[in-house]
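First subunit A sits with subunit B, and in the next complex the same chain sits with subunit C.
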Partner chain A sequence: MSEVRFRNPGWAGNTGEFDLSEADVRGTEYVGERVLDGGHPSVSPSLPYMFVEKDPDAPLFEGPYRERFDKIRSRYPTARAALLPALNLAQELRGHISPETMDEVAGLLGLSDAYVRGVATFYTMYNKRPVGRFLIQVCTNISCNLCGADEVLEAFLEHTGTELGQTSSDGNFTVVEAECLAACGFPTCVQINSRYFEDVSADDVPAVLDRLKREVNRGF
Partner chain B sequence: MANNGRKAETVTLTIDGQEVTVPRGTSLLHAAESIGTEVPHYCYHPGLSAPAQCRICLVEVEGAPKLQPSCVTMAADGQVVHTDSPAAKRMRQGVLEFYLVNHPLDCPICDMSGECKLQDYVFDEGREQGRGREPKRVFGRDDFGGDVLYYGDRCVMCTRCVRFMDEVARDSRLTVVERGSRAVIDTFFDRGLDGAAFAGNVVDICPVGALVSKDFLHKARAWDLDHTPSICPNCSHGCNIELHTRDNLVQRLKPRENQEVNGHWMCDYGRANYEWLNRPGRLEAPAVGRGSDRRAADWREALELLFARLQAAEGDVALVGSATCSNEALAGLAALGEEVPGGAAGRVFRSPRAPDEVPLPGFPLLVRRRDLVPNSDGAGLLGFERAGNDDGQGGLEDVAEHGGVVIVLGDELADQGEDFGANASLFVYLGTFDSAAARNADFVLPITTFAEEEGTFVNAQGRVQRFQQGLRPPESARPAWLVLGALVAAFRGEKTPDSAPEAFARLAAAHPAFEGLTWEAVGDGGAALVAEAAHG
Partner chain C sequence: MAYPYRHDRETRMLSECFGDPAARTVAGWKAVGGYEGIARALEIGREATIEDVKASGLRGRGGAGFPTGLKWSFMPKNSARPHYLLCNADESEPGTFKDREIIRWTPHQLIEGCLVGSYAIGASHCYIYLRGEFFESTNVLARAVEEAYADGLVGKDILGSGVDIDITLHVGAGAYICGEETGLMNSLEGRRGEPRIKPPFPAAVGAFGMPSTINNVETLAAAAHIARHGGEWYRQWGTEKSPGTKLFCVSGHVNKPGNYEFPLGFPLMELIEDVCGGIRDGNALKAVIPGGSSVPIMSAEDCHGCTLCYEGVEAAGSMLGCASVIVMDETSDIVKQVRRMAHFYAHESCGQCTPCREGTTWATRILQRIEDGRGTEDDLNTLIEISEQMTGTTICVLSDSLAMPIISSIEKFREDYLALIRRGERVGAA
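Let's turn to the complex of A and B:
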């Protein structure tokens, strides 16, 4: 397996010359020992960001999550305004926003269930069904498309053995198309969970997947 | 113009070269309307908020850098507005072309065809040929529950329905799901609109054929329907409605705007209950004689016989009215009771009554009332007392055995036995359907329903409201005010009232509660009774 050379891969600061982990770059405060209560109200909706254990049946919300939910609610003048971060929190916990989750969040915020459904379906970053450990979003918008995004997408589907939008049998990968990821200077851009992989070509795909699998084995 | 630092109450602007003065705070759309110019619009509805999202009411305002949405742009002094300039027309044509990108153009099978705003606007100003070469996306249809069916492909995403449920029904069950070309109107998955008491209004306000009535589905074409201003007969609130009729049958009821009564709305209960107006098997011709002696008679003979019998009648008169009858009919019945020599024994009516009221939260004037008849208040004002239970049954035990004269108007007596009126010296039955309890009637006289005559009701607000004739009555049926008016006139030696307005004038003269009201004053929008008379 050839070592892939990422010209501008991963998170900021990772040049490909070092095998840095996310923790090395972002610090351990939010990786491993994440601030489950979300810290200060001003950041509680957005932290910790992604890699927490997903439990589709996790209660909404208990313990530190309850604390964060209350903080979220306290930051906004109306329940409607608090809906997006509340849905973020629910997705962080459960991995996706199911109809039941929409209903529960609506109940918690005192909003109508239909309204919550409207909001949740408007935004593509809410997963409306379960996704794999890694959500691979391949940009197929114009810049990436001109630089072979279709082939990259095809390669991801082939090497993960899934259909578009489906989850691989090992539960690791879900591959979806994305509209512009705002990285038009580095096509093709692929967003995998919260990380950007830029300048990805179809040939790079096996190495990217290997790297992700290594992370799974390491426990992220 | 000196205004002493105070803003004038009105503003004067120019629309399409015509100077127009409107109150401050009037939108350009309404200002244009006041000079007879309709600016096309979808998302704007006078009973709802204006999000200005449909982009088809854009007009050119001189000096403004872009076209302005006329539904939310307020008229200002000195504005020069062009609704029909090349820029405005080009814009509308472009917007309409976008609306048609995914529209199925299934007008031949669409219920809205003929009253569809998309059809109208495209016909007026759209391109002659579409330029789309892409396949159209297809959603199919979705049953929202209640009486509402949704065709996603026809939808123009004006969100009137969503805002109606949010702002007026205050029951936010509808939303826009997904976005872009995938956007549809939907409820929370399969939760639907069941149980929402006012959801049928979303069908009325849908400017296209996206939300249609299941009851009306494929029943009639819009251009075949006659529209008759009327009053909803299904509760005592008396929502102003239109009867939409075809082939002498009521096809549907639609609300008619009246800001004093029902705004733009009506409830689903009222809307759904019209089939009784189409019920076949009506009484066709007058008949005289009890039981096996009964024979058909023409009106002149029947009324002459009846008048003679009334003059010679023994005993006092028990009157049974009905709160589905007009004021004119009930007043005629009351007057007749006074003319008959024996004098009146009592006046009663029976009516079904719901356990509770159903208000419309966003338009609190509108309430589905407990009394499920249109004229219980009118009947009360004319001296009739409500009898029987909340199913509209019972309460006639005394009348059934009454030994004097019994006159029944409009009450079908469905719960009464064949011996009803057996002891009566004279039993007159004026109704729309034959009844087992009418077996002992000496006279069976066919009358018209409210949909087949002109007249007035008094609603629960104490408001007199007029309805017009929308259906042709069965051949020999006559309005009750005419039948009773002829008898009263015969007693009094005066002329028979020759029209509903004349009958109303006589009623207004005879009953203090109606004092000062004229047919013209009641008009299409109704008129309030003088408060102390109505409740005193």
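Let's turn to the complex of A and C:
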């Protein structure tokens, strides 16, 4: 099994050319263990993750998630402003935002169902349908496109055996096209769940997928 | 070798610590003089801090280039209403990748900038609006904010000054338009990210109806340094109209893409040929987009003699924007890239204004038709006509941002379009 060659620490790891580790680049040591209760209230609205395993029936919100929800609400002068962070939280738990989830969040914040649906459907990152364990978002915007992003997208579709936006039969992968991810110097940039993989070429794709399969148990 | 390509000729101020994991911590940031800026600001007072930033000539790094000190001075004085500082970290202009680097390598640089800005405009709460895709860099910033709170740098009575400044990280959920300042305010308030009609301007009625100022990440980071060293110090770099240093995000067909920091006024061709190691495979230059996808495309001819400052790029017929230099070599398919941009703007249009909602979609369809070899010469006139109707007719400038690349590409690369139309095949396609 070939390792992904990391040519540039803008993306993720063992590079021959640069002397930074993947942890250095991602800042994982500095960040440390993630906390479900949202940590200090100042940062509680900012920490949604994308878990590999989702629970579409998870309650909104209990335990540490309720704590995080309460902390989020404490940071804004209006209940409405907690809407995006609350939807993020719901998606972290459930993996996608169904119309029913939208209604539940509306109830929690005292907003109308129609209002919340209007807002939730405005934003691309709320998955309106269930996605695979790994949501693979390939940037095909200009800088990546100039450097072969269309071929990278093709390679992901081919090696996962999926159509654009569909989930593979084993439930592992959903591949979609993304707009600019702000990593234009390291094309092609691919966001996989909450991580960026940068400088990915079409040839790297099988190795990236192998790595993901090995990491299924890592959690996110 | 250190973190991505550096160059001896760079003037590294904002980017000094990029690639150094030790600089992420409060201690690491203090070791390089961090948090001296806010300490000095608290000492000299609000008015003097604004005067410093005015004197520095710092212009907004988010794209528009509006003078930062002047923007801060618009905020009401002696008002009992809460004021807000909003930091725009919704970096989503295609070609731009500087703010993420500041956030993930030097989070305290941004926090210090937010403190300086908040203090100057009398805000007791600063919201940093991060794009939702930045999970990893947001986590780094979140840890840094927690550290700063624990250290008494943020929160109640910062640095024992009696001044309270809170910071809250807020993440978006994937919408380019939330990088527009009033769209950002709506999104922060839990609404659809639709831009608002101005006036009223944010300094009068902003987030939550209160006086607000919105600054880009790089602007605030620079303000932290200006607060530390004073306004005149900053003017040692750059030009009269464009003082200071700037991160240039170079992407596309160069050998060494990346973020390079130079004084404004640096020659574009030297950036491409010397700093970035030239064009890949020794190819010839075809076109450059100097400021992110929303500005007019420059031909290779336009690039010679062009200097990278606000007035220099304008003289060359384009705009500096956020200095995101997208380089295209001779093999580039201009029509395909313009079509891809049009697709982006059509996807990101919020849909409030008809010229934008309809125009971006029409333009995408026509460009696709031309790319597929089914276009006519008259389509080019239609594209220009639509683009003209998309300019200056909408609440925000999203539709203008597509009109500019379309009009400029037809002007400068008409032959590429005509070749597709006449022969149904692409010029230069690999």
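One rule holds for everything that comes next: the second predicted complex is superposed on the first by the 182 of 220 C-alpha atoms of A that agree within 3 Å, B and C clash if a C-alpha of one lies under 4 Å from a C-alpha of the other, contacts with A are read in each partner's own complex, and residues count from 1 in each chain.
The criterion applied here is as follows: contacts are C-beta pairs under 8 Å (C-beta built on N, C-alpha and C of every residue); 3 or more make two chains touch, one makes a residue touch a chain.
Values in this document were obtained by computation on a predicted structure and should not be read as measured data.
Trainee: So, does A:Asp55 touch the first partner subunit B, the second partner subunit C, both, or neither?
Mentor: It touches nothing on subunit B or subunit C.
Trainee: By the touch definition at the top of the document, which applies to A:Asp170: first (subunit B), second (subunit C), both, or neither?
Mentor: It touches nothing on subunit B or subunit C.
Trainee: Going by the contact rule set out at the top, does A:Asn88 touch subunit B (first), subunit C (second), both, or neither?
Mentor: In the superposed model, A:Asn88 contacts subunit C only, not subunit B.
Trainee: Applying the touch criterion given at the start, work out whether A:Tyr126 contacts subunit B, subunit C, both or neither, answering first, second, both or neither.
Mentor: second
Trainee: Is A:Arg80 touching the first partner subunit B, the second partner subunit C, both, or neither of them?
Mentor: After superposing on A, A:Arg80 lies in contact with subunit C but is clear of subunit B.
Trainee: In the overlaid three-chain picture, which partner chain does A:Ser112 touch, first (subunit B) or second (subunit C), both, or neither?
Mentor: first
Trainee: With the two complexes superposed on chain A, say which partner A:Ser194 touches: subunit B (first), subunit C (second), both, or neither.
Mentor: The answer is second: A:Ser194 touches subunit C but not subunit B.
Trainee: Would you sort A:Cys184 into first (subunit B), second (subunit C), both or neither based on which partner it touches?
Mentor: After superposition on chain A, A:Cys184 lies in contact with subunit C alone.
Trainee: Look at the residues of subunit A and decide whether subunit B or subunit C touches more of them.
Mentor: C
Trainee: Report for A:Ser143: first if it touches subunit B alone, second if subunit C alone, otherwise both or neither.
Mentor: In the superposition, A:Ser143 contacts subunit C only.
Trainee: Show me the subunit A residues, by the header's touch rule, that subunit B contacts in one structure and subunit C contacts in the other.
Mentor: Common to the two interfaces on subunit A: residues 118, 122.
Trainee: Per the contact definition, I'd like the list of subunit A residues that touch subunit C in the complex.
Mentor: 8-10, 17-20, 24, 26-27, 29-32, 34, 39-43, 45-50, 75-78, 80-85, 87-88, 118-119, 122-126, 140-143, 145-147, 178-187, 191, 194-196
Trainee: Taking the complex as given, what residues does subunit A use to touch subunit B?
Mentor: 99, 102-103, 111-115, 117-118, 121-122
Trainee: Residue numbers of subunit C touching subunit A in their complex, please.
Mentor: Interface residues on the subunit C side: 1-4, 19, 21, 24-25, 82, 91-97, 99-100, 104, 130-143, 145-146, 149, 154, 166-176, 187-193, 208, 249-253, 257-259, 289, 293, 324, 326, 328, 332, 336-337, 340-341, 344, 347-348, 350.
Trainee: Considering the complex alone, what residue numbers of subunit B touch subunit A?
Mentor: These residues of subunit B touch subunit A: 171-179, 186-189, 191.
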